[in-house]
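Chain lettering (A, B, C, D and E) follows the sequence in which the chains are written, and residue indices restart at 1 in each chain.
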Amino acid sequence: MMLSSGPGVRVRWDRRIERARELGDKHPAAATLLSFYEHVLRFQQDVAEECNAPAKGMGCLRDEIDLGFAASKIPILLMLSSKHGPKELARHAEEVASRNRSNWQEILKSFALAHRGFNENPFDSFFARVCLQAIAETLQFQFPADANYFGSVCPACSGVPQLSILRPEAEGASRWLLCSFCLREWRFRRIICPWCGEEDKEKLPRYSAPECGHVSVEACDRCRTYLKSVDMTIDGRAEPLVDEAAMAVLDLWARDHGYAKMVPNAIGF
Amino acid sequence: MTNGWVDIKNTDMMLIMGGNPAENHPCGFKWVIEAKRNRDAKIVVVDPRFTRTASVADQFLQIRAGSDIAFLGGLINYALANNRFNHEYLVNYTNAAFIVKEGFKLPEDGLYSGYDATARTYDKSTWNYEEVGAGAHASDTHSHAVQSSPVPPPTLPPNVAYDLSLQHPRCVFQLLKQQYSRYTPEMVERITGIPRERAIKAWETFTSIRQNGDMKKAGTIIYAVGWTQHSSGTQTIRTAAMIQLLLGNVGRAGGGVNALRGHSNIQGATDMAGIFDILPGYLKMPVPADTDLKTYLTRTTPKASKPKEWDSFNYWSNTPAFTVSLLKALYGDAATKENDFAFNWLPKIDRKYSWAEIWDDMYNGKVKAMMAFGMNGVMIGPNAKKNIEALKKADFLVVCEIYPDETSEFWRAPGTTPEEMAKINTTVYRLPGAGFAEKDGTFVNSARWLQWKWAAVPPPGDCRLDQEILARIFLKIRGKYQQEGGKLPDPILKASWNYTNPNNPSLAEVAKELNGKALADVTDPKTNTTIKADQQLPGFAFLRDDGSTMSGNWLYCGSWTEAGAMIQRRDPADPSGLGIHANWAWSWPMNRRVMYNRASCDLNGKPWDPDRKQIWWSEAKQKWAGNDVPDFKPDSDPKSHMGPFIMNPEGVGRLFVPIGAVADGPFPEHYEPTESLIANPLHPSQSNNPIAKRFKSDMDKYGTPDQGYNIICTTYRLTEHYHYWTKNNPMNVQLVPEPFVEIPAELADQMGLRGGEKVKVTSARADYIAKAMVTKRIKPMMVDGKKTYQIGIPIHWGYRGIAEDAGKTAKTPANYLSPAAIDPNAYTPEFKGFLVKLERV
Amino acid sequence: MSDRKTLQVQRISGHPGPVAGAGMQREEQVCKLIDTTTCIGCKACEVACVEWNDMPFQPTMFDNTYQTMPDTHWNYWNLIKFNEVTNEDGTFQWLMRKHQCMHCADPGCLAACPADGAIVQYRNGIVDFQEENCIGCQFCVSGCPFNVPKFSPTTKKVYKCTLCSDRVGQGLEPACIKACPTGCLHFGTKSDMLMLAEKRVKQLQTVSGFKEAGTYDPQTIGGTSVVYVLHDASNPEKYGGLPKNPRIPLSFTIWKNWFKPIGLIASMMAFAGVILHYVTEGPRRPQPQPPVKEVDGGEGKKEN
Amino acid sequence: MATSSQRFDRSTNHFINRIGLTVVYVGELLRHRAYTRFLHWAYGIFFFLALLSGFGIYMPWIFRWFTPLFGGGAMTRMLHPWFGLGFVFFFGLQAFNWAAAMKWGQGDTRWMKRLRDYVTNRDTIEPPDVGFFNGGQKLMFWEIVGGSIAYVITGVIMWFPEIFGRIAVAISYVIHDISALIMLAGIFIHIYLSTIGEPGTMQAMTRGTVSEAWAWTHHPAWYKQVTGRDPAEALAEARRTQARSSGDQSNQ
Amino acid sequence: MDLSRRSFLKTGVVGTVGISALGFDLQPLQAQTATLKIARTTQTRSTCPYCSVSCGIIIHTIGDGAKNVTPAVVHVEGDPDHPINRGTLCPKGSSLLQDIVNDRRLLKPQVRRPGSDHWEDIAWDQAIEEIATKTKLLRDATFVEKDANGKTVNRFDTLAFAGGCTDTNEFNYLVVKSMRAMGVTCLENQARV
């Protein structure tokens, strides 16, 4: 269900924050992750509310992003990470804080244009991703939805999909992908690997566990990559972004079984 | 279907007749409702019963079963009288302008010219076009005396006389007008029982899309076996084709003639020629007169027959390439140029071996054994009791099924005493086959989409895949011929069976073989692309008749190319929005989704309806372009006036069918069903179809009204059940638990019958016992002044199933009743519209 | 339909205490729209309901109709009703109506139910039966204007369609909605569904010539969470007994809310009267009574 | 000719009277035999159970503590009809037992007219024509008979609603409750009068005997019929003896 | 797939043991992974075998193919990607699970001997052997090489083959190949009726 105009900015982020808290209580093992992620979401909510400047319609979404504005938000994020984040992240936050402003803009620029949404330093990419995601999402609403687009990269910013969503449709569920950069959802096909296009069903297992209920691992045995899939036909109130992050245990399981994720989510899994 | 399921959403007008899609194709019916909701499309339903399709229709007309041609003839008459056609489409895209030979006679008295009463056949030489300059010498002299030596069958004149002004008394248009001038509303009311003003209202509605030739809108005709299962079923469907040609609907998005096939792979079974009279790809079976390949090819390869100025692609001219490629596929290296590509190893048929004839022969002791892989002969009938008796005379019967079925247990059918059982010497092998989810392979749906399906689970228990069972039997027979020899072992030994696992051929390899591959380098002159040896062929344009290519079915060439399995593609995109979905699986021929789509453009290649552009002539590229694959010669400029119907020798649609392509006459004529209440009002002397075949065995009796059979009976299916399968599924048995007979309320009142009481329906052959469903949905009708009642029987219950085993049914299959009278072209038995008696049990 | 809050109770049957959501304005009432004009009676929704609620296979009887069974059953909550109707103007219709609980705004079952907490109405309009509180008195069976709830002889409890309260609580749409092949079932907020119904009714009136087409949302019970689009809304009875003005039987409303308490108080008056009599008149002892002893300070009993 | 239940009534009557113990001391009169008492307490208990379980269903949000007595709402609903049947069955037997005694005479209508005096204790002794049962008791008896008939009919209707249809159930719902309320009121009065309201009555149903004083005070005609002496005279004589004995006490 | 593969740098490293990429302590999660009861399901795209709409369905089977556990069908859902049925199914389609898992299925080959009144079990090879022998005997006995007019016809018209309506194309082709090789002319199919 395309969030074309999407509910108000605030409501959209509120739902994710509420969901993070709710899952935090339900899954003690992921409680620490989620409490930190709640802070990150709150930060992203403020950024998103402030920046809903209309897109100048210059084609690719990534050029639309006002890097100056993004850079101005980095300090808040750094302070937040050092206060609430894990020790490693806190240490890097101080180190980044010491660099000057143009360097932040540089990180953001390289991250934004990298198209694959990831560079070597997990911490730099964390700061960049969290900051740019909020801005990119408000922009992507201005890009029209194309019902016939079934590509495996985001139609708006050609970003890499973060997770897959099974939305209820008739007697089954249609598969949607959520972009790791601009959080846009677009309709995709079932029983196919988004990376290598593998369609042999024997190579596309789906691993699920009763404890994780509606979140499962959609893996591909050919390119050994996986995506976590949120099944909205089981829990209609799930918030894909947050539910995927909450089930970090599946990421560990997948890694132990030799699968790799194409791009880590906001909290590094 | 000429169009497709999703294409129905584009239509503006629908005639749903001879079919009940709401009940038998519910998920396909979604598109009818889509058209109704989004395009305000009108639905006209004509059916002997008020069905669930009728419940959402705008107009419903109750018709007497078996009188469809009368109603459709009346529609043609109405369209012609009210100028409801487009002149340009009619003249250029149909053979309306062709002039018919001297000596052709319309069937005022029920018979066309050339009828031989004793042999009950037609001499079809007069059913032909007139050749230009024919007056000087009769091109083919033949005498009317009984032919001692076989006279060559009549052929189409290469150069046909025509009159574009459509005024010539013998031009097809005038003959059409004259033929259906007899189908006045009054006559239609007498035959069909439909009140004349309701018929006129329906005709007016359906032809309203072509008000004075305006081509913006498109109308479609949706039908199913309600039309096919009659003694002149093929002609009924021909009438629909003629209507759609006349109204200019063929080739249009939302137009065409959409046949709803009943089962998941009936279309595939006909394409693959699982039937006696054709070879895969609708190639004709050889007859004894075809002494060698060349004679066979000259007989079966048509030559173009058109007005001089026009152009006709006449694609069947490639028959030699298709045939040789097929023979190479069947016999591989053993098929060489020297042995005529093993042509003579094919059996040659001198008569009909259709379904009803097989059972007749078995009953007469000619056919000794049967292998039934997934077909329940005893339940299908017709005249199923005769099938049971026939099986009792057979040597052995092999049944491959997934549920205990009636055919494999004919020897303990209800009413068989232990003594009789002891006297039945048929050995019956019941082999457990695999269910649909346990085997892969291709299904072809009504819309000609070949869709591969993947096996989900291995067969349970000791079941084997069907292809493995067949392969093991064939290879065991081949082994025996190798050791002990026997009659003509060569074809058996040399049939190409080189699969990686011969005992269980992988269907993927077979699918590749169906697509066909090059045996030597093959180049296509026009696009000079070369296909190396052993590479899959991209399309049937590459097939050659010199044995350098092979293809199991030329129609499927292009389904599994070097680029991979087109039939496994699952991209749901449809950029055109017309429901074409070009990248979802593959539709024959050449992934063309709407056939004859050249006819969706006017003479200079511009689409009639700019909102629904399928294909168009792009002047820039000098090629036909479009959202769909053009059903045309890609580079043929519209100015060359090549007809849109590339498969016909004439290149244009056939309002008039020459030289017996349809056995019972160039124009459909209403004939009464085999068992009918009245004499044919049009021509009482020739009431029935003169060449519809009846059977003479002692079990084949045909009821007449004066023997007391005065109620018309039709058989049909329900939404909740699928033929004879779902009587084994608890959920479906719960939805509709028991067999019943639909009886009109007035008839029930007359007999003092209440709903739920047991009734016995008796036909001339057997009886059927079930509970009465008294309904107001079938009303009495006045047919030719006689008050007639119609009843309906669903076919889903036999003597093995959940309800049957629990003793809740009378264990009498519906097809005990149906008559074994078959259609002269399609040989389909007359399941719908025979006479019965009705009494309380 | 992202209904953030889980199901919030608005009214409970036979419940003494205050109910959290009572009287609260229902901000987004869920609604199921059934377009009977495009329903083809294929029963896919019946199968979906049976499968989602794991209802056991039960032998059914042929009953002179295509209808699976005569009426809803304790383990068959959703049933297509087939009605062959000849209208006054002679036209014939075969009307198919998906029959299940209408989830009324003012539910007759809840009004009639004496058991505490057996029937709960949520703020989104769903009326749900709580099996553990049901005492099986079947008052709801006679209270319901649509005759939907059915009693189970085995478990001695009453059951009906719950509009998949478990699915809706999880933010999904009911099982029957997703099953409809011709898409004549819709689920959403009541305002959206009424708008959709209005659009379809306008098309029926103009294009298909059903002058009387309309939406069935009877206000006599405060409107329902299940809304029909009918060919002929002027007489819904022909759709298999769909009442034109469904109303809760008078005996339940007036009796339960007014006379019962008054009746109880009246009988308590007898109790009070008795005590009053004892205090004022005193007991009627057999005569002659023993003489009364004088006790200082207490006023003596009136001697008779 | 006695109906079958009457015959059943007579046989059990003798049986229980034989095993029941009724000791009549001097100065007492036999009021109710063992069989009557047995029946009385039988339907008394059933009535009481039916009443509690009925009112548990009647207004559960008030009488929520009644239903747990019977093991929850469903058990209450299941038991209530059986208690009702038990009550009606035994009361039916009692009805045969007392049918004769309960016949309504003029005395009773007159009694009813002076009901106000009865209530306000104005007369010290009942009017001479009050027989075995006074008007109030007869009224109550017939009221209960009427009530139990109403119970049986409406009760069965509500017990099997699928047979009787929705309107019948709706009506019987109301009638059942009304008769219950009336009986509730009646039972309060009955319990009051048979215990603290008229001392000395209780033993009539427990031991089956009453003191002669009670007899001539409350049922003079019956006293006269049983002892043959005139109640008013007996009262006067009792007063005299009482005055004498109290005189001795006061002057000690 | 317009995704160029080479441009991808796979992360692979979610974090060293003990702490995640961003430094979260993994200990609690690690413990949970040990207890996870992971089930592997395979989703198979198939077509409903009933009518010719060819509704797309997805069959979910549980069971790890590797450990030769025969996969069990757990759920059949409509395939929303399929352009014709868009995920909807009719009452027959939505109860397909009962057709796949059905206790009335025939599970072993059986034979009814002439004159007998019951089924007997028979081994596969024995059944195939008998069928082949009988067919060969029948063919050799009744094979027609030339017809009355002396034309070669190579007909074996005493064996009939009845193909079903839900047999796949490829099976039909093998039938045509094998039966026409034997000269069978009585070849018929449900398509005829």
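Here, a residue touches a chain if its C-beta (ideal position, glycine included) is under 8 Å from a C-beta of that chain, and two chains touch if they have at least 3 such contacts.
Everything numeric here is computed off the predicted structure, so don't read it as measured data.
Asks: By label order, what chains touch chain A and chain B together?
Replies: Where chain A and chain B share a partner, that partner set is C, E.
Asks: Need the graph distance between chain D and chain E over the touch network, please.
Replies: Step count on the best path from chain D to chain E: 2.
Asks: Can you list the groups of chains that still touch once chain C is no longer counted?
Replies: Connectivity check, chain C excluded: A, B, E | D.
Asks: Specify the chain pair with the maximum number of C-beta contact pairs.
Replies: Greatest count of contact pairs is found between chains B-E.
Asks: Quick one: most central chain, C-alpha centroids?
Replies: E
Asks: Compared with chain E, which chain's mean CA position is the farthest off?
Replies: Here the answer is chain D, farthest from chain E.
Asks: State the chain with the largest centre-to-centre distance from chain A, centres being mean CA positions.
Replies: Looking at centroid distances, D is the chain farthest away.
Asks: Whole-Å distance, chain A centre to chain D centre, using C-alpha means?
Replies: Here the centre of chain D sits 81 Å away from the centre of chain A.
Asks: Distance from the CA centroid of chain B to that of chain C, rounded to the nearest Å?
Replies: 53
Asks: Quick one: chain B and chain E, Cα centre-to-centre, how many Å?
Replies: Their C-alpha centroids are separated by 26 Å.
Asks: Cα centroid separation between chain A and chain E, in whole Å?
Replies: Distance between chain centres: 39 Å.
Asks: Could you check chain A for residues that touch two or more other chains and list them?
Replies: 169-171, 189, 191, 201
Asks: Which positions in chain D touch two or more other chains at once?
Replies: Counting only residues that touch two or more other chains, chain D contributes none.
Asks: Residue numbers in chain E touching 2 or more other chains?
Replies: Touching at least two other chains: 42, 44-45, 81, 85-91, 93-95.
Asks: Can you work out from the touch definition every pair of chains that touches here?
Replies: Here the touching pairs of chains are A-B, A-C, A-E, B-C, B-E, C-D, C-E.
Asks: Using the touch definition from the top, list the residues of chain C that touch chain E in their complex.
Replies: By the definition above, chain C touches chain E via 42-44, 46-48, 51, 178-181, 183.
Asks: Which residues of chain A touch chain E in the complex?
Replies: Per the touch definition, chain A meets chain E at residues 28-30, 32-33, 36, 85-89, 115-116, 118, 122-123, 126, 151-153, 169-174, 189-191, 194-197, 201-202, 204-212, 223, 225, 248-253, 255-256, 260-264, 267-269.
Asks: Using the touch definition from the top, list the residues of chain E that touch chain A in their complex.
Replies: Per the touch definition, chain E meets chain A at residues 1-3, 5, 7-12, 14-15, 19-26, 28-33, 35-45, 57-58, 65, 77-81, 85-89, 93-94.
Asks: Contact residues on chain C for chain D in the complex?
Replies: Where chain C meets chain D, its residues are 14-17, 114-116, 118, 133-139, 141-142, 147, 151, 156-157, 249-252, 255, 259-261, 263-264, 266-267, 269-271, 273-275, 277-278, 281-288, 290-291, 304.
Asks: In the complex of these two chains, what residues of chain E are touching chain C?
Replies: Chain E residues touching chain C: 85, 87-91, 93-95.
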